[in-house]
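As written, the chains take the letters A, B, C and D, and residue 1 is the first residue of each chain.
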Amino acid sequence: ENIKIGLVVKSLGNGFFEAANKGAQEAAKELGGVDIIYTGPTTTTAEGQIEVINALIAQKVDAIAISANDPDAVAPALKKAAQRGIKVISWDSGVNKDGRILHLNPSSNELIGNMCLKLAADHLPDGKGDFAILSATSTSTNQNTWIAEMKKQLPKYPGLNLVTTVYGDDLADKSYREAQGLLSSRPNVKVIVAPTTVGVLAASQAVKDAGKIGQVYVTGLGLPSEMAGAVHSGATKQFAIWNPIDLGYSAAQIAYRLVKKETDGKPGSEINVGRMGKIKVGENGEAAMADPFVYDAKNVDEFAKIF
Amino acid sequence: MSVAQAIAQNSTPLLEMRGISKSFPGVKALDSVDIALYPGTVTALIGENGAGKSTLVKILTGIYQPDGGEIIVEGEPVHFASAEAAIRNGITAIHQETVLFDELSVAENIFLGHAPRNRLGLINWGGMNARAAALLTSIDAPVSPYMRLKDLSIAQRHLVAIARALSVEARVVIMDEPTAALSYKEVEDLFRIIERLKRQGKAILFISHKFDEVYQIAERFAVFRDGRSIGAGLLAQTSQDEIVRMMVGRSVDHVFPKFDVAIGNTVLKVSGYSHPTEFNDISFELRRGEILGLYGLVGAGRSEFCQSLFGITHPSAGSLELEGRLIEIRSPADAVAAGIVYVPEERSRHGVVLQMPIFQNFTMATLGRTTRAGFLREAEEFALARRYAERLDLRAAALSVPVGTLSGGNQQKVVIGKWLAARPKVIILDEPTKGIDIGSKAAVHAFMSELAGEGLSVLMVSSELPEVLGMSDRVLVMREGRMAGIWKREELDAETLVRAATGNP
Amino acid sequence: MSTLAAEKRPPRHIPDKLSTPAGRLLGSWETLLAAVAIAIFTANSLASPHFLDPWNLSDATYNFTEKAMIAFAMTLLIISGEIDLSVAAIIALASTAMGAAAQAGFQTPALVGIGLSVGLLCGAFNGLLVARFGLPSIVVTIGTMSLFRGIAQIVLGDQAYGGYPSSFAWFGQGYMSDFPWWPTIPGFEVVTFEMVAFVVFALLFGILLHRTTFGRWIYAIGNNAFAAQFSGIPVQRTKFILFLLTGLMSGVAAVCLTSRLGSTRHTIAVGWELEAITMAVLGGVSILGGSGSIPGVVLAAIVMGLVTFGLGLLNVPGIIMSIFIGLLLIVVIALPIVVRRIRSRTPA
Amino acid sequence: MSRILKYRELLLLVINLVLIAAFSTRAPGFASPKSLANIFNDTSILIILALGQMAVLLTRSIDLSVAANLSFTGMAVAMLNSAHPEVPLPLLIAAALGIGAGLGAINGFMVWKIGIPAIVATLGTLTIYRGMAFVLSGGAWVNQTQMTQAFLNTPRMPVLGLPLLGWTAILVIAIIAIVFTRTIFGRSLYAAGGNPTAALYAGVDVGRTKFFAFMLSGALSGLCGYLWVSRYAVAYVDIAAGFELDTVAACVIGGISTLGGIGSVGGAVLGALFLGVIKNALPVIEISPFWQMAISGLVIIIAVLLNARQDRRKGRLILRDAAKSRSVRVATPVEGAAA
């Protein structure tokens, strides 16, 4: 009987997770005897994810790898899964410590926070000036973690000044309007940092429509395929993202190793993740992959074909 | 022009319906009926409630499609696939139900469906308003085409409905109980318009339950019973008794069977009842066993006043004494508890819940009598409903069928039964026989007398003079929201009442 | 006591009912739904080997129990001719209030009290606007939907409340077997608190709607509010109470859901209003008011739970599931209409 | 003015202006022509959708599927554009109108021929249409680089300071105003919703009128599908999620009755602009983002309360003096529900 791994994402129909699924499928093929069940709710809610988790528990999957909509709310359901012998890990967007064995960060949160600041500084003359953050929903775990990290590391960038944080709720129209609002009410803001694709896209479009290309830049985290247009228009010079394929690949690999009892995933253990080499589980049961990768006009088209 | 002349001139019908049948699920509303309409002639269509009169009208105006039979206009067979087709063929109607649009202007109410259009096919508002104004003037209607319908009085709405019927080049004009909501004065106006239409050579179909009107305006008649043609002919050659016999299948003798009953002590004393906009300073006493008629023109404020006695609206001044005790009525529930009940004028809107079973309508206002600690007991509900259904001689297939399946007269019985179950002291009947045929009317009148005989006090609102004169011990007349006077039975005659109601000396 | 009519003829006998009880049962909406439920249950057990597992079925009930509790109250409200689109927002606000109280160190009974009270308050606000000011409920509750959730958002911002007392978890995660007095019948250890709450509320609302004066008033108001008023039924007060009840049941759902999630964010229960309404409508409640039954809604809740769980077992994406629910809704509503029309065409 | 704008619309216009004035004290430049053009442009899509919703509401129905229709149609034309860049834009717009109208016709058919209550039918299609968008795209996005320049840039081409998107809304407003006030179909909408029985007697086919109302609403939703995708330069399944309630709110604020038969084009446009002003103002006036939702909720409730106060029945005013004070009001001509 094949090993069944449930890959639970925040919502279906999102390019990032589609790419992660691609990676997980790749891992499954490589390992052999593994079925990936790629699933997620209709809306990015914890309640929806719990229904999905319950369905996975009922199918007696061997492992669940989840990118959570809410770190706390899915924990009880995941604990139940663990009680029934299912190995649970989280990836991308984490679950509270007691709800999973380990969490796989796409990169360390510090690195991501730092990267966002660096991108902002790179867009500003001498790295000095005002910038604003355009986030997704105010409940999204990873967004909030990264924003917190950015605030923490801000002193490392003297002259860089965070003016405000606004929320576009990952809705194109709301993000666009928030960006527009920033442009009109904060004329000093020269860079908008959006650690979410919908946000970067909508902000780039708003900058372009306002005719402020070259005066205001948009940067943040997004997929090359989705961001290529913004880069070509000049609204975005650079943006960063880690490789979602690698992330999905690693999540599937780790889940497999846990099922096979090759590792217990406890802090300090080292896990073999196939072509990605080995990953070390740190304190809090968190593991991190590589640095985010920076894309610009030179390389974005090449990667846009992949994810 | 005398009737005989008219008939001699117009011996060929303008419109004929032959062998028309129409069934609804469970009802054969029309069973191969025939009728003929002649130019310049009013034909009265007479029949009990549910005889199929309105159904015939709806077939003639293209709203319903007949199951069988043919319609012939000026010798040509025609077929009306829609209401619009009938209008195009010059057939127009004032329907029994309100068929106007509250939110639209008077002009548009008149022309909806056949508005004048300009070369681009767009509605020509200017032309429409002008034509509406001309039309309204021609029928002496004091109404501006720009006014919104909801701002008009009932009588004014009626004029708009008439204007609408006249707005098309009509050859046939149908009026389905046009006088049911009108008082004496507006009826006169309507008859003048009908006379004019007659002179223009139009064929008119006139439906009414009121025989005096029928004899006044119509030359010909046709009688339906249970969806069948029973007879037709010239009114001048037929007596009312003959027609009633055709209609009901027996003779009806006691239309106003008012018995003399002993009038007791004062039950209800109303002093200075007033409302900011609807009525002012109404005072009277109502005694045990008495029937007090409340007469006035339509729109005199009688219903509003009665509804304030029942707690629907709230008086701004005045007091109420019931059996010597001062009471205040803030809601219908208060009124019912005090023993005052109200049978509303608009039966299907305010009186019954059409979709709910008969027995539940009977018990609706007095659920306390059939429940224990708020829990329903169906067997008791049926028992209660049966008691009053039998007393009122209700005709129904079962007590659990929806009230909507009953005829108007039987629905009225359900409303009355509902209130008898509350064992009231005072019963207010607002136009209790409006739109009800002569047979059922006699039953309602007999029942009213009987209730008075049992010691109930009855306040009867009516716009029908014969009914007021025939049934009341005393009559209170209202005019424009104010009391115009109160008369004893002995002092009464039609002229006094009309003068008081209209204010003409 | 003699009557004129009676003197002329003896009263006619009118039967109580026309059809036999069996005949009525056969043609009823509930029967149709029960058949659908059985069909889906059978299809599920054939499609997935994991379906007929008591623990799985027990988990599956969470798909509908909380929403159904709201749907019960919503059913009454819709029958009376009103609607409440703010129920999910009330959950958010009630949950937020409980979260704030938990942070302040309140214990479980106080938390439950607070959740229910906030639900009642929100219901009272809706009720006031609809019953007192006579505003259309669909519009009012579109407004309060934003208002209530908006207040939750003001309070919570981007934060979450957690740290509920451990005893609080029992409402949304507990089994009845946690009680010593629960009978230890084999097979019954899977019964959760929410299941029992679902059954109890189904019975309570069923009795309220079908067996009490108040329930009769609801039907009368929904069919003809004027006639109800003219019969002495306190129309506005009844509507107000129904909004209160809906608020209260949203509060109950908030307690269960918060307990199940163990945390509160302002996006909690987003979109549930439409699911609760769908449940009621699928249960045969006329959206135009005046008709519907609690047994129907219970069956509809079970049908929806079975469909989502069955499709979930087959790993059908949620959005495809919602296509099924949408189709189910339309087909189940259309079916009786179409059948009735065909039947009336062929003469009986 | 009083003939063109009824009292209610005037009030709403004043409220809108007061709001703009109030906001501009906190955010200078909010009332500048450029900013106002911006707000109008941003609200264009809501205005167009609200006009479609209005047609349906007038007939005593409701269309909850407008946003789902927008999502499906937007996705369909975006995919068409990316797969066949050679297809000219007018054809794509025609396709958007056609697909939208088709989906609207499905709603209309269920309401007209099967007799399903509109709210139920569109509650069903609300999930079905969005689900179909998912099935169609397989959940994938259509990105800016996959769409042609003409597709993306035409609606944002400025003409006299206003992008074509805004002009499209103006064109739609003009067409709809003419259709609603001066065509048989438009007046049938009012008649069918105002009094269905009377409409039947007047020769208006109520069911067919509803059908075409849904089709109109669908076609406008389809058009908005294209406009939305080009404006935000991305198509994905969740676009415009929850927008159906915004359209209903815009109509209701604009005085269109959910019970049918009452409402004007001016009202719907002003209602949509009201929401647009607030949505655009909140991000610029330093109000915490967390307060926005509560404020818009409160504002809707207040608008509805104000509207209802005007509607309060005045009674029949039987008493002479009371009637006199009313007749002054009645004498001012009212051109039906036109305006």
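The rule is short, and it goes like this: contacts are C-beta pairs under 8 Å (C-beta built on N, C-alpha and C of every residue); 3 or more make two chains touch, one makes a residue touch a chain.
By chain, UniProt protein names: B = ATP-binding cassette domain-containing protein; C = Autoinducer 2 import system permease protein LsrD; D = ABC transporter permease.
Keep in mind that this is a model prediction, so the values were computed, not measured.
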Relative to chain A, chain with the most remote C-alpha centre: B
Distance between the centres, which are taken as Cα means, of chain C and chain A, whole angstrom: 37
Centroid spacing, where centroids are CA-atom means, of chain B and chain C in whole angstrom: 43
Centre-of-Cα separation between chain B and chain A, whole angstrom: 73
Touching two or more other chains - residue numbers and ranges from chain D (ABC transporter permease): 134, 139, 237, 290
For chain C, residues contacting two or more additional chains: 153, 157-158, 317, 319, 322
Shared interface positions of chain A, touching two or more other chains: 12-13, 43, 138, 167
All touching chain pairs, where touch follows the definition stated at the start: A-C, A-D, B-C, B-D, C-D
Chain B residues touching chain D (ABC transporter permease) - in the complex, by the definition given at the top: 61-63, 82-87, 93, 95, 97-105, 107-108, 112-115, 121-123, 125, 144, 146-148, 151, 153, 276-280, 299-301, 304, 480-482
Interface residues, chain C side, partner chain B - complex: 1, 3-6, 9, 11-12, 14-18, 207, 211-216, 219-220, 223-224, 226-234, 290-291, 344
Footprint of chain D (ABC transporter permease) on chain A - complex, ascending: 11-15, 18, 43, 138, 165-167, 171-173, 176-178, 180-182, 184-185, 198, 201-202, 205, 209, 225-226, 228-230, 232, 304
Chain C-facing residues of chain D (ABC transporter permease), complex: 110, 114-117, 119-121, 123-128, 130-132, 134-135, 139, 237, 245, 248-249, 252, 258-259, 288, 290-298, 300-301, 304-305, 308
Residue ranges of chain A touching chain C (in the complex, touch as defined): 12-13, 37, 39-43, 45-48, 50-52, 54-55, 57-60, 70-76, 80, 137-139, 144, 167
